[in-house]
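Input: one structure, supplied below.
So that you can tell them apart, the chains are marked A, B, C and D in the order they are listed, and the count of residues begins at 1 in each.
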Amino acid sequence: MKEEIKRSSANCNARTDLALEVRESFEEDNVEVSGVVLEEDYVQDKDIKITRVIIKDEHGQAAMGKPIGTYITIEAPRLQEDDETYHEPLTDEIVKYIKELLGEDKEGEVLIAGLGNREVTPDALGPKVVDNLFVTRHLIREYGEEFKKKNQMESMSAIAPGVMGQTGMETSEILKGIIKQTKPKCLIAIDALAARSVSRLNTTIQITDTGISPGSGVGNHRNALNEECLGVKVIAIGVPTVVDGATIVNDTLERFLDGKGFSEEEMYKFMEEVREKMVCNMFVTPKGIDDAVKRISYTISEALNQCFCQTI
Amino acid sequence: MKEEIKRSSANCNARTDLALEVRESFEEDNVEVSGVVLEEDYVQDKDIKITRVIIKDEHGQAAMGKPIGTYITIEAPRLQEDDETYHEPLTDEIVKYIKELLGEDKEGEVLIAGLGNREVTPDALGPKVVDNLFVTRHLIREYGEEFKKKNQMESMSAIAPGVMGQTGMETSEILKGIIKQTKPKCLIAIDALAARSVSRLNTTIQITDTGISPGSGVGNHRNALNEECLGVKVIAIGVPTVVDGATIVNDTLERFLDGKGFSEEEMYKFMEEVREKMVCNMFVTPKGIDDAVKRISYTISEALNQCFCQTI
Amino acid sequence: MKEEIKRSSANCNARTDLALEVRESFEEDNVEVSGVVLEEDYVQDKDIKITRVIIKDEHGQAAMGKPIGTYITIEAPRLQEDDETYHEPLTDEIVKYIKELLGEDKEGEVLIAGLGNREVTPDALGPKVVDNLFVTRHLIREYGEEFKKKNQMESMSAIAPGVMGQTGMETSEILKGIIKQTKPKCLIAIDALAARSVSRLNTTIQITDTGISPGSGVGNHRNALNEECLGVKVIAIGVPTVVDGATIVNDTLERFLDGKGFSEEEMYKFMEEVREKMVCNMFVTPKGIDDAVKRISYTISEALNQCFCQTI
Amino acid sequence: MKEEIKRSSANCNARTDLALEVRESFEEDNVEVSGVVLEEDYVQDKDIKITRVIIKDEHGQAAMGKPIGTYITIEAPRLQEDDETYHEPLTDEIVKYIKELLGEDKEGEVLIAGLGNREVTPDALGPKVVDNLFVTRHLIREYGEEFKKKNQMESMSAIAPGVMGQTGMETSEILKGIIKQTKPKCLIAIDALAARSVSRLNTTIQITDTGISPGSGVGNHRNALNEECLGVKVIAIGVPTVVDGATIVNDTLERFLDGKGFSEEEMYKFMEEVREKMVCNMFVTPKGIDDAVKRISYTISEALNQCFCQTI
């Protein structure tokens, strides 16, 4: 049954941007997924869990519906709380994994892109991260290598390009143009994500070296933000802040109906109806989303600032 | 069955702020509700429908779960579109009904309160309306009666007090204090509402002379914004911009399960679970909510400006 | 000569909100001002200077053109820089002096008012401080004394009422109403100030127990924010972010012309012309004012949060 | 004398972005400037004056310190007032002159760039114009030529790239990249300007086909926004919202001292002092700048929307 529903979900908008959630959906069935490696880690004495999902080959890619690459998920239940003693070790973790995924590219110019719509609270995460960055590219250009070394900084530039409804352009077009012109060594894209489970909202950070693939997630998309399309390494940092409207109804219903004897067809038909009539183009978000996005954006800005400037 | 579920909904957060939706829930059963009058009207050649729900007595109040008074609902499917030829007659309707509900109080000082949280897009309607008001109270105080008559204006003041999480105070406390000090003849409160049906979002304006009663909606609440508590007439103008998370799941489920033979108890138990685990403190809102709120706030500001200043 | 010009300045808009600057204007003439005490202090190893101007009696009040009371000025040249190791001791100083001026009123409910216009960058300091406060009044009302003691907090509420051009009401009317209704033990008003000297901008914090007196500054004004008018102790925290347009021209001219043999009358006439034709209702502010206001508002919010909640 | 001072002004920040003001500075001396044509026009019955300054050759360019091209200045004293009957004919004028300067390029894709810093009120004009644009490029790409013809629209895209302090990149780099990638036929850049005279603020619109040349204004600058650098026609629409701090002091002083017998050297030295010690990196702006920028940005957005979509 689940096969059917999940497929239909993928076709519509019902979805998760978290590799971890995709992987978990298999666990329910105790399936070992070929081509997918799962590793877990914890930050001692802190309520922080790290899960690394590595999609190693095309088997894994097909099963997961996500591109080959490494997906690091930091589960931090207290991410939206205002407690410096929690955010400091958390920031260290984010820095560590950004550097790990950057590999040897961690030296060289970096462009940060704060994706999303500044005017919609749960989608404003990316733009808000950019608001608090300490950009240095223009300073290094003005004051030279000496200045850069003295401050132990890498060149950082940043942009919050807005969304297609505001610009009339694909984000990928804007970023591709800027990258060709300013030639950073890598792009780090910050984006608000959609999760499948409400409990993930504002508690989870995903860092991946696969970039961002709009829509179903795999394939050579014209509008993807990845190395293939942009010509530079792309790290994506995402935090789920919304659940898709269709997803939440589907999942609730699925749980309720499980084992109650409805036919696949009956449920599929209903799901279609839900999506068409009611909840497509809707999103679900928590009531305190403004404070959560503000708090989380500080932490990610802080991590990026530390990552590329030692003396800040 | 519905009784049971609806009661439980009322106890939790699942709810509608629209009297029209409450009234409609009875229609499904073809019930004539004692103490409640329903009148319909249309704006010629425009896609605008007016429904007047009048709760006349305590019978009506008890049945509807809303205070005695008049609830005018303007259904304007194109409310969020950017078409002046639609918004002009719509503005005229809003002006007409505000004046009708004000009655003889339409002359005299008015205080406009833009309720809600400016930082959360669908809740920012009230503050955004205030942003575009042409306040005149201080001008009339400075330039005198002559100036007021020449411009055919009534004194208008305005405030966007923020929400309790920002101020630590009940909105009713703030407004009661300001009203006692500045002595307006009436208060007009603008607020984003929760609807039961997604199709109501950003397409419906409710204007009522009952003010705003938080929570279950009836009774002498300490924190209500109504004439009884504030000592001046209160007109509330509301536009549904969100559906409560619990509501949308309940309603979807109800429709799906209707006639499929589940016991009330079975469903009630599940609803409880949904509310507790998953969707309480969540809201559902459309993806283009930023443009919708901007557009609608202009129209309401325009109506208020016209209402209290003829020469604008 | 200076007498004449200064008098004329006072009549127009040319002015300083800083008691320290008023006091300094006498120093140029090496005058000891009767009824005014001046004390200086330094924070060891930090580039922070504290000056305490105490206006003790009516002599002092008349000479200074400011009400009787204590004016603590913290000069912190690095106030707008993003350096935690500087802002931490600075925050401690702010906390210390707020507590000193509160005296025995430091226990009991406090209302914070963030004055100014959120839409004008250098005037947004007050509203931005409120944005980052941890208000607790509603929490204490919900969770009780136990909760309050456990968290070692005092009740804090906050409001950013906007300016008269937005509300049509005097700020004093709004605050008087809210104070009567919610009965705090004291008001702390945060406001952007006007300085006489450009070098004061974004580098100086004034904390005073005299509140805020609009206009010329002394006397029983209907619209003052002080204990006499509001009935509760009023602490004002101000940071100069603008110089008045007329002031800057006057001062420049004065310095240039000093000793060049112009008659008082000649200069007075010119000043009048400048004020009328050109620079009245103008303000002068630095180009990086957005970053400065953001940074400074964090520090003041932090100080207030620490002041009224030990466990934050 | 003026030569000396003006030269020094150009070297520092004291400046005007308005060709009209440069031209006027010659008028004082009744000079006919070779290579510069001046034409005036009025909108009947409306308080709107149009001045066309055409810099025809290198003589004119050298004299004016502005590139060869056409500078249309619309003087609209009521530009910041909220009166639709004034803004409608004004919008028509803006549309007319944009189309005139576009010439045959008025058909084809256009990119609008809202320059400036959204966080600094008088600099937010460009970003605010973009906020109210009806972008269509993505719609035409999705719905095709039919849709475009039916709506009589040209393809419009838009971006508010932010300023170098926020992005670390030159605006010209960002726009050059986007233009290469998305290939519009022309760029229209909206920017807040600096005027020499306070009376120009928020009352004047300059439309030019020379683009924007940072700094002294003439020459092949790496960072200019003009056809030479960007490869597409560039129309710049600017509204003065600030006066440079140094300019205002210089001009005031000049007027005062004119004919009072100071030596050029004496004044030059003083000006230097002013610039260094006091007012460099300061700007002067009117107190109601928030309302002015909001109002003016609506009018420019409206003009652009009308220009590129007939059916809006």
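Here, a contact is a pair of C-beta atoms (placed from the backbone, for glycine too) under 8 Å apart; a residue touches a chain by one contact, two chains touch by 3 or more.
On a predicted model such as this, the values are computed, not experimentally measured, just so you know.
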* Between chain D and chain C, is it the same set of residue numbers doing the touching on each side, over half shared, or a different set? -> same
* To do: Would you kindly say which chain has the C-alpha centre located farthest from the C-alpha centre of chain C?
  => A
* To do: State, to the nearest whole Å, the distance from the C-alpha centre of chain A to the C-alpha centre of chain C.
  => 43
* In whole angstrom, what separates the CA-based centres of chain A and chain B? -> 36
* To do: Please work out the Cα centroid separation of chain A and chain D, and write it as a whole number of Å.
  => 40
* chain C: positions in contact with at least two other chains -> 165
* Would you pull the chain A residues touching chain D in the complex into a rising list? => 130-131, 135-139, 155-162, 164-170, 173-174, 176-182
* Going by the contact rule at the top, pick out the chain B residues touching chain A in the complex. => 117, 119-121, 165, 198, 243, 245, 248-249, 252-253, 256, 270, 274, 278-279, 281-291
